[in-house]
Each structure stands twice: as C-alpha cells, then as structure tokens.
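Dumping the structure here so I can ask a few things about it.
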Amino acid sequence: MSGDASQTESTQRLRDALADGRLEQWRVPLGLLALVVFLRPVIGHEFLLNYPPFANTILVWMLFAASFNVLLGYTGLLSFGHGMFLGFGAYGAAIGLTRFDLPFTVSAVIGLAVAAVVAYLIGRIIAQRGEIYFAMLTLAFAKAAHFIANQNYGGLTGGSTGIVGVLPSWIETERGVKYVAAGGFQFDWYYLLGAVFVLAALAIWQIARSPFGRSLVAVRENEELARAVGIDDKRYKIWSFTFSGVFAALAGVLYAINNQGSSLSTLTVETSGDIILMTVLGGANYFFGPLAGVFVWLFSEEFLIEFETLVLPLAEYPLVRIELGGLLSYWQFFLGLLFVISVLVAPREGLWGLFRSGIGGLYDRVRGVRE
Amino acid sequence: MIAGCSSDSDDSGGQQTTDGDTTDVGTAGSSGPDELHIGVFAPYTGPFAPWGSALTTGSELAKQDLEAEFDVSITLSEYDTETNPSAAQERIQRAVTSDGIDMAHGGISSAVCGSIGSWASDNGVPFITQGASDTLTGESCQPYMFRAYPSNTMMARAVGQPMAEEADSWYLLYTDYVWGQTAQEIIGSVLEENGATVAGTDAVPGPGNQDFTQYINNVENSDADGVAMIIPGLDARAAASQLQNRGLHEELSVMFHQFEDQVMWGLNQEAASMVDLGPTGWINTVEGGEDFKQRVTEQGETDPFSRQYMAYVSTDQAVRAAMRAGSANGEDVRAALEGHEITDSPVNDIVPNSTLKWRACDHQLIQPTHVVQARDESEMTNDPYKQWFEVSKTVAGDQVARSCEETGCSF
Amino acid sequence: MDGIGIQTLDRDALPISPGELVTSLVLFVLLAHAFAVRPGLFVDQLVGGLVYGLILVLVALGLSIILGLLGVVNFAHGAFFMMGAYLTFQVLTVWGLPFWATLFVVPVVVGLVGIVIERGVLQFVYDEDPLIGLLATFGIALMIDEATRAIWGGSPLSVTTPQILDSSIGIGVTTIARMRLFSVLVSVVVIVAVYLLIERTDFGLSVRAGVLDREMAEFVGVNIPLRFVVMFFIGAAIAGLGGVLRGAELGMDLSMGNQFIILAFVVVVVGGVGSLFGSVVSGILIGEATFLTPLVLRTLSETTNVAALNVSGIGGLMPFLVMIVVLLVRPRGLFGQEGFME
Amino acid sequence: MSDTATTARSADVVLETEGLTKQFGGLTALEHVDLAVERGELHAIIGPNGAGKTTLFNTITGALDPTAGTVWFDGEDVTEMAQEKRPHRGLARSFQSNQLFADLSVLENVRIVVQTARSGRFGLDLLGNGRAKYRDAAFEYLERVGLDGERTTLAKNLSHGDQRRLGIAISLATDPSVLLLDEPTSGMGPTETQETADMIDELQQDLDLTVLLIEHDMDIVLSMSDRITVLNQGEVLATDSPGAIQENEDVQNAYLGGMREEL
C-alpha cells in the first residue's frame, strides 16, 4: 500500500520534473550529439547503405527540416515555398564565391542576410492571411524565385544548370570524400558539418523553448486567445517566418558545400513539397520528429533505389530470393500510404510520436514486470 | 596525389574489390588493369527511361566486345539520374565512394551532365558525357569530362546551309534551358551566315512540357517558312504531334535539332514524314556498323538509335584508354584520352572512313555530323529495325567544330 | 468556419475604385495595341487562353465545391484530373471504345474513385483543421501518382481524336481547331449545369443549407452525408472530364496532376474561396493572362524597341503574379466572402 | 490626447463606451451603447440570447471593430488600438466558449500568458534566465483558481469546470485592472457555480479588480453585482443597482418577465 503511494508520488515528481523541463534540459543536446555520432556509421554500414558520405546529405536536409518545423510545427503555418530559402543560402554562397570572388564565409553571410530580408518582407505581406492563402502565397513567391533563377539574369544563377563545381578554398575533395583543410589541419568535412548542424539545431531548439518560441506555440494552438491575452500574432508570425527562412538558408549554405554548388532543384515545388512530407511524416509536434522524417524518407529512397532482390537471410547464404524490384520501385506509393495513415491517426504525431509512445509503453511494461 | 592514395579504408565492405588493387598494381605494368568498374548514368525511371535502357544496351555490347578482345573483366552498374542534377550528383557520389567505380559515362540533360561532370572532375573520376550543350566543352568544361557526341555547334553548323536552302526564314522554338538556349543562339547565327533570317524565337518551358499551343500560335502567325524545333526528347514528340494536328507540317519546313529518330517512332509514319531536316551525330541509316545495329536489335529493348551508339563509343573509349594507360587511375585515363585518334576500335567499323579524334583542348570527340530527313512514307521500313529517316548530308567533324580558341574552355 | 457557403453570384462584390479604373484602362490599351499589331495571333492566343482557362475552371470548380462545402482542401484533386486523362487513353486506345464514350465513362469512373477517397479518408477530416485535410490529400495525390506510373508507365501518352474534331474552322482573321471549340462547348455546358444544380434545384438548396447549418439541416431530415458524397462525386467527375478534354487534345503525362492542382488552387484563391462564380472568372482570367501576356509584351517590345520587355517564358509565371497582385489588392480574392478561411 | 480625455471623464470611471454600434451586414448587434464601469465595481451585463452581450465584449476588447462609437479605457480612447495591445494596458477578458491552448499543459497555458504580460512583447531569452520566474508566477495563479494540482494535465483533458477556471487563470495572468468575464459559470452545477462565484469575489478583493461580468444565473448576478446593465436587442435598457433593476418595469417586461414565462 505504502509502496503504491510512494510510487505515485515519485511518478508525480518525475512528471513534474519533466513538465518543468528540468530533466529534459539535456535530452535534445545529447540527442543531437548522438545523432551526429551514430548517423554515419549506421548509414555507412555494409548491410544498410554502405555509403558513408550520404550522412552529409542527410544532415543538410535535417537542418532544412528543422528550420521548416519552426513554421509548421511551432507556429502552425504551412509554407509551400520553403525551398526558396534553401536556394537563397545555396545560391548566395555559390554566387558570391564564383561570380564575385568573395570569401566563402562572406558569401554565406550575404546569402543568409538576403534570406532574412526577403523572408521578413514576404512575412509582412502574408503573415495575416488565412492558412490556405498563406500557403498559396509562399508557393507563388517560390515560383517567382525559381523563374528568376532559371532566367539567369546577368549570368548570376547559371540557369537550369545551376552553379556547379563550387567549393571554398578550404575544402578539398578526393574520390567523394571531402576534407576541411585549414591552418595545416585536415579533417573530414562531416565533422565541421556535424558541428554546424548541432549548433544550428540547438539554436532552433533554444528559440523554440524561449518565451518567443512558446508564444509561437500559443499562436499555433489558439490564435484568437493569443491575441486576446496580448500576443501580437502577426509580429510573431513574421519573425517565425524570418527565423525559419534564415535557418533554411543556412542549410542551403551547407548544401552548397555538400553538393559543390547550387542547383535549380532547390527552388522547385518538389523540394518544398518533399520537406512538408518529411516533416509531417516524422511528426511536427516534436523537435526530433522532422529529423526522423528526413532520415526515413532519404534512407528509404537511397536504400530502395538499387534494391532489386531481397535475399534472405543473408547475401552470402541465399535461402530465399524474392524479386521485389518491381514492387519497390513504387516505394513512394507505400510512403504516401504511411503518410496518409499517420495524418489521419494523429496528424501532428508522425513516426516520432509513434516511436516515443512505443518506447514509453515498452518502458512501462518493463518496469511493471520488474516490480 | 589525385586518386587512389588516400581513398577511405573503411568505406567499402569488401565487396567492391575492383579498384583498390588494380590501381596500385596497374600503374606499374603495361598489361592494363584486369578489372574495371564503369558506372552508366541515365534516367531509368520517368519519361526518359527508354533512353536509359538504350544506354545500357550500348554499354553491354561494348563490354562483350572488350572482354573478348582484352583480358579484362568489366562491371557495368546503372545509376538512375532521372533528369535531376541533384539526384545525379548523389548517384555519382555513391557510385564512387560506395561502389568504387573507376569511370563513368552517360547523362541525358545538360544540367545532369554538368552536375556529374563537375563532381567527377573535382574527385578525379573520368566521365564521358553525351549531353550536347556547348557549355560542357566550353565555359563549363571540366578536366575529367569528355564528350562522345557532336556538340550543338557542330550540329548547327552542319545543318545551317541546308536550312537556308530549304527556307528563307525560320522560326525557332527552343526549350528554355541551357541546351535549348545555346542551340538557339548558334542556329540563329548560322542561319544568318548562310543568308536566311530568323522570323522569331520563342522560349518554351521544359523539359517536361506537353502543351505547345501558345508557341505554335506564334509560329503559325509569323511569316516564317520553316520552324526549327530545338526541343528535346519527348517534348519534341508532343510538339511534333501538335504541329501535325494544326496542319502546319504541310505549310512549313520543319527542322528538329539534335534529331533522334526514336522520338518520332512514338508517332505514326505520317507524322514522322514532317521531318525535313535534322542534324544528328548518328542514326541507324548511317552507313556501316551493320553488325552493331543487328546486335542492338537483338539485345536491346528498342531499335538502334543514337543513344546505343553513344553508349557504345563511351564505354569502348573509356576502357581502351584504361588499357592503353595500363591503369584505371583517373589522371592516367584522362591523359590516354586527350588527343587520341580512334584507329583500332569497332567504333571505326560503325563509323567507317572517318576521322574520330579526342581533341585535347576541350575534350570533344571530333566526329562526322549528319543531316537527316524523313523518307517517303512508302519507303519507311520496320524490318529488321525501324528505318524511317536517311542521311542527306555528312560533314567531317573538324569542319564544323568550334576552334579551340572559340570554345572558351580552359582546364 | 461559420457561414461558409457556395456562393455562385455576388454582383455587389466588385466596386470599382479609381486605381482599378486606371489599371483597367492601361490593360485595355495594352491589349488593344497587341490586337492592332497582330490581330490573327491575338485571336489565336485569346482562344488558346480561353480553352486553357476553361480547363482550369473545370479542375478548380470541383476543388472549389469541395472546399466551399466540406471545408476540405483537396490536394488530390489534380490527381483526379490526371486520372481522367489516363483513363481516356485506357478507354480509347486499350479498350477501343469510341471517343464519345470517354466523355461519360471516364467522369463516372473518376467520380467513383472520388467517392472511395471521400468515404475512406476525407470524411474523417471534416471537423479538423483544414491543414489536416490538405496533408492527407497530399499523401493521396502521391499514391495516385505512383499508381498511375505503375499502370500506364512513366512516358507521356497521347490518343487520336475522332475525325470530326480534327479539322479547323475559319473565323476571318484565323482558324480554330474544332477540338478546341468542342472543349469550350463542353466546359460551358458543365459550368452552367453546376450553376443550375446548386442555385436552382432542391438538391442544391439542401446542400447549401447543410453547409450553413449542418445540424439544423439534418434535424429537418436532410441526409447530409449522402449529399456530400454526391457533391464529391460531381467535383471529381468534373475534374475527370477536364482530364478527358486536355488528354484528348494534348496527351497525358505524370506531371499534369501536380501542375494543374497548383494552378487550380491559384484559380480558387484568386476567385475567392467559396465562390463558384469567382472560380469561373479567375480561371478564364488566368488562362488569358498566361496566353496574352507574352504577346502583349512582345508587341510592346517591337513597338518601343526595348528588347528587355520581351521576357521569355513569362507566361508560366503569370498565374502566380496574378495571384500575388490580386491578393495584395483584395485579400479575399475577387469574389471571396469575409471571414472564410482567413 | 489623454488630457482631453481625462478632463471629460469622471476619474471613477475606468471603462466607458459612448455610442458603441456594431453592424454585421444588415444586422445591428449593438445600437448606440453607452456604458460606464466604475473602478472597483462588479458590473454585470444581462440580457436574453442575442442581446449583443458577447458582441459588446468583443468590441470593447478589440476582437471586433465597432461600426461607430468610442471605447474609453483608463481615460484613453482605445477604439482604434490593436486588440493584442489592450491586455498590456490592463484590459483582459475570459471567453464564453472554452478558449484554451488545448494541447499544452495547464501550467504552460498560464506561463505563456505570464511571460507575455511581463517580458514585454518579444523575448528570446536564449539564456533562459526568466523561465523559472514565469513558472513560479504562473503557479500562483493556478493556486488562486485551485488548479495547482492539475498543472501537468493537458488543458483539453480537464473537466469542464476546471477548463473554465483555467480560462479565468489565463485572464488573470495578463495582470488586468479590468477583467471581462463571459459567463464564467455556464455549464456548471449549483455547487460549482457557487464556488466560482466565491472565487470571483475573492479575486476581486485580493487583486483590486474591476469586473465586467456576463452571467445568466440571476441569483449570482443579483447577489454579487454592484450595478447591472440590461441589454436588449443591442440596446441598453437600463443601468442601475440590482434592487432597482429588479423593480424596473421595462426590464421586467422585456427580460425577467420573459424568463419567468420560459421557466
């Protein structure tokens, strides 16, 4: 009996601590570090993708998704044109470097500044619109950006080819592996990318849990109430859009290094659509949700793209061979199905929410057995 | 320095043994590598998928011939680039880092070629492309990128004079991306050099556009006597069928730039007969290579057209360069290709009595360029393979290629 | 979400301000100039824009009905359009039925697929945030795209239209293909029929009542779910019919669904969410803007000798420019109602 | 601006409307409403359904723009002031229907509002200095409305009565001088209703609040109010003390009479 009481009491204390964020304090930073540490070995494992540099691509997209989730997850705004800001970063860095011979960091900062200004201005125009109007207007601006880049005014953007073969002087690449070479040191690009990723993601996380971020959540949860208690929702939406755009542009800067330039595909509706799919699939309610979505999406794509035959149990000892190439080449169908189901069951939870409740249930059961 | 010495030790799981040993051993001996791994980059999904399978067929044939001739084992891997430069770059990166390919060829759109070419060159991997934009061997040329097919300029110059003879004024419809934009400029200037005029130009969206109504309206209402369709692949097919629906093919001379007969096979023979002119690097009625055409027909999914030819030449030349160099090392292969004249290859049978040479200054394969026209419907045959078009003029490559100075290429 | 309704006509919604008057005058002068310089081409582009605009209307109409009635942003609507086009190929080329059959068979099949989706997915999101419906249908669109690719392959297809629609009719300055006139005719008939159905029938009345006050309508004995299903069927079928017309004229490819759903959204938003009349006007407006703007700019650049005016490829951007401008001036679109989805 | 305002207004009147009119299309919801709320009083608004009570609240708080008329608050003309600025001046409201941040915890609901009221309008506070402070303040408000035991519960999972209490805690957290309560006891049983009434009374004493109250329960209204304004079809029928209102014939005819018949 008394055990019961003390257990509920301790559970209550634990829940309090969780709600107050005391224990959660370190969960996200540690999680991000673990992500960067484990991502590459997992991606590179020969039974999985056997393709370590793909971890770079995944990190870039994860940052892009995290930036997008400032809008969708924390503010409840759906943008159909977020790829535009990825493009600003990528093109900014690449244009500065190739067309004006600026140092990479200067170009990158210019790209971020342009993204910030454009995002702020667009935000001012569209922040007060209803969500459908908001989504359509973001799409329209992104279309305009794509059009301009494709027109290649003044030879700046390289038209449909984009800007290729661009690397800052301190990056070297050899047979697909990039190195950062600075001041006599040489180390894998992944570590720099990972460091920037962790810092940027932490900044997003800090913004999300700051008073500013909590006000965004209030706007998302109930705009009318938010206004009634004194939250200037328009202003918050504008700044949310701006922050989101800047971090997307930062992802774009990393993209420019990772992809050795900038491509018109950053500005397409497809890119903007993919990031929506990834974010919602992963779970917009959680900080790690969009990151999980990116991982699942890109991993599936890369895994299935050359997946013709399922050999069980192991390639060395083939007992069963199942020809799956035909079916799996339509993998997006199944991902779409998964997406629809997850939206219907719990629209903001996604795979990460499922995973969390799965882990939670498991934890409870294990504990229940032990006691 | 460039390749081999610092390749990651932990990235391959032991499956890909092709290059690790050969690179080290190969440089010493002159016998050449005994294993080569070649990546074929093409759209294997989406609307351009038939081009992908044609590239595979051509590569397979070359592999059979090469393995018979040399003591070498060639592995071909397909990589799906769709028509997306970002996807293409991801594929070449994976091909090199994960699968360990030694060299690569392929690419359909210029953006894809540029993307692969630049990445490959940054990483010291030889890449033979088939995209035709002049930029690929011009301002955007890359030290490890070679082109196995005539450039836009070569084709435009070959067709300029016949075009001027065919009609006095031309309307140019071009797809609004690098290939179309550059081709449009060259054809315009070539026409004027030959005394014809440009009645108007229109940038058409795409690739991937199916609706040409607006632009065909413009053509119809201009005073042009001919229309130049500078439109790639399946877009060209859609545009052709819409020209035909409007009855314009009877009123106007029609030119298809970088003509591919495969595009027209998707239409009926009546529509195909609208083609008055079209410059190309190869079609299956080019004299020679009967054996090659026969084998494509037997082994391929489509009848022989330019893409199997391109893939054959690319694969053949990549492997021969490695054998000559005695190494799969990128730097060595590059050196073996630059300036090489093809004299000892089945390619000489496919394109007989011609000079084929890898120019060192811009990495263009100088080769004959043809102008084709549709046969009369009654003379179009489908057996043993579709022969709907015939060569009306052939120009030697060095007569139409840009001079080294003109290209603006420097490595 | 109170006070949503399908509003077919709202004549008072467009007061003309001095600024709008000046804009209209400038537009008129530009168009007149283009017509004076190239009359034949102008008429050709006018007809082209009309056909294109009416196809947009057919796609947007269903979208607008479903949005106005059910409050669901149906992103899969473009997939209905694409399905209509591919089914045209199936019916004509694979099954060998005559062209006229497609006009009936295809819309019915697409409508039935629509019902499956409505019952299977959308009925669960009626009371949710519009974002949920948008996302769910986004996923459905992806599935339909992939299914279409699996069934019909990735390459574009085309069909042969019957002889009678092949030739052209002369109208003085130019000739117009019969297929295009046929498309215009069918579209106009459908638009009028939808208008009559909603405005002039008991069915339409009960549907509108259901939208205004669902509980009350059900209380007086109207079977609202059934009516919603029927409206969804109609919306999907119209999109399918649009696909038939488009597919018959220009062929079908996998990108057409996404391309048109985006344009249809633009049409609905420009016309004003909830206003069918607005969708019709804005569809035609956007169609004409897409086809006439390049001509206007070209003639202007020829007259003034300013080459920079002739912006290549501007037509494709026009729907979005029109949308930005319209929404900046009239935040609810041309005929939108106050408070709806704002 | 405030000079002219203060000279014209009685110092005792903290909230005043003058000729306030609101039309929706052809429908007039408020017709020339003059209302003066004195500092420290509990002023009730009563009237039948559709009398315009909630519309009055909405126009006072700025959720709706009035068609005509003026709203004065603390001697200042706030008619044009943006809605979200008014809580920062001390004008707060609770909602009729349950307007909460549904997917957030009870504590978080209040904490967000505390932080909005105290940190100015825009804070990143990346170092997290203010967070504990806001949490403690939010906790105090929860204690006041008796929800401190539910602080980790999600707002949407609260019982109906608790949701109403949370609504009040949220409005309190804006640190108001004038609080507009829209039917705080609707949907509650008799015991709960009385508890809530007591709570409002206590809050008013402790926090020195002026309360403008919409309420259906006549017992509550008559026992708590200092003054009552009766609205009917958008017009003010009378404003007076509870006793006088009960005696007022117009009111009896228009409202109380009607209610008695209904009952």
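We just call them A, B, C and D in the order they show up, numbering each chain from 1.
Definition applied: contacts are C-beta pairs under 8 Å (C-beta built on N, C-alpha and C of every residue); 3 or more make two chains touch, one makes a residue touch a chain.
Given the structure is predicted, the values throughout are model-derived calculations rather than measurements.
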Legend entry - Chain connectivity with subunit A absent, coordinates unchanged: B, C | D
Legend entry - Chain whose average C-alpha position is farthest from subunit B's own: D
Legend entry - Chain at the geometric heart of the assembly (C-alpha centres): A
Legend entry - Interchain centroid distance [CA atoms averaged], subunit C/subunit D, Å: 47
Legend entry - Approximate Å spacing (C-alpha centroids) for the pair subunit B, subunit D: 75
Legend entry - Geometric centre distance via CA averages, subunit D-subunit A, whole Å: 43
Inset, instruction - Starting from the mean Cα coordinates of subunit A and subunit B, work out the distance between those two points in Å. - result: 37
Inset, instruction - For subunit A, jot down the residues that touch at least 2 other chains. - result: 150
Legend entry - Multi-chain contact sites of subunit C, meaning residues that touch two or more partners: 312-313, 316
Inset, instruction - Please set out, as single numbers or ranges, the residues of subunit B touching at least two other chains. - result: 45, 176
Legend entry - Chains touching one another, given as label pairs in label order: A-B, A-C, A-D, B-C
Legend entry - Residue ranges of subunit C in contact with subunit A within the complex: 73, 121, 124-125, 128-132, 134-136, 138-143, 145-147, 149-150, 258, 262, 265-266, 269, 273, 311-313, 316-317, 320-321, 323-324, 327-328, 331, 340-342
Legend entry - Contacting residues of subunit A [partner subunit C, same complex]: 76, 78, 125, 129-133, 135-137, 139-141, 143-144, 147, 150-151, 269, 273, 276-277, 280, 330, 332-333, 335-337, 339-340, 343-344, 347
Inset, instruction - Going by the contact rule at the top, pick out the subunit A residues touching subunit D in the complex. - result: 15-16, 18-21, 206-207, 209-212, 214-215, 217-218, 221-222, 224-233, 235-236, 239
Legend entry - subunit A-facing residues of subunit D, complex: 61, 63, 82-88, 92-93, 95, 99-105, 107-108, 111-113, 115-117, 119, 121-126, 128, 130-131, 134-135, 151-152, 170-171, 173-174
Legend entry - Parts of subunit B lying in touch with subunit A, wherever the complex brings them together: 2-4, 6-8, 10-15, 45, 80, 84-86, 89-90, 93-94, 96-98, 109-111, 114-115, 117-119, 121-125, 133, 135, 140, 142, 176-178, 181
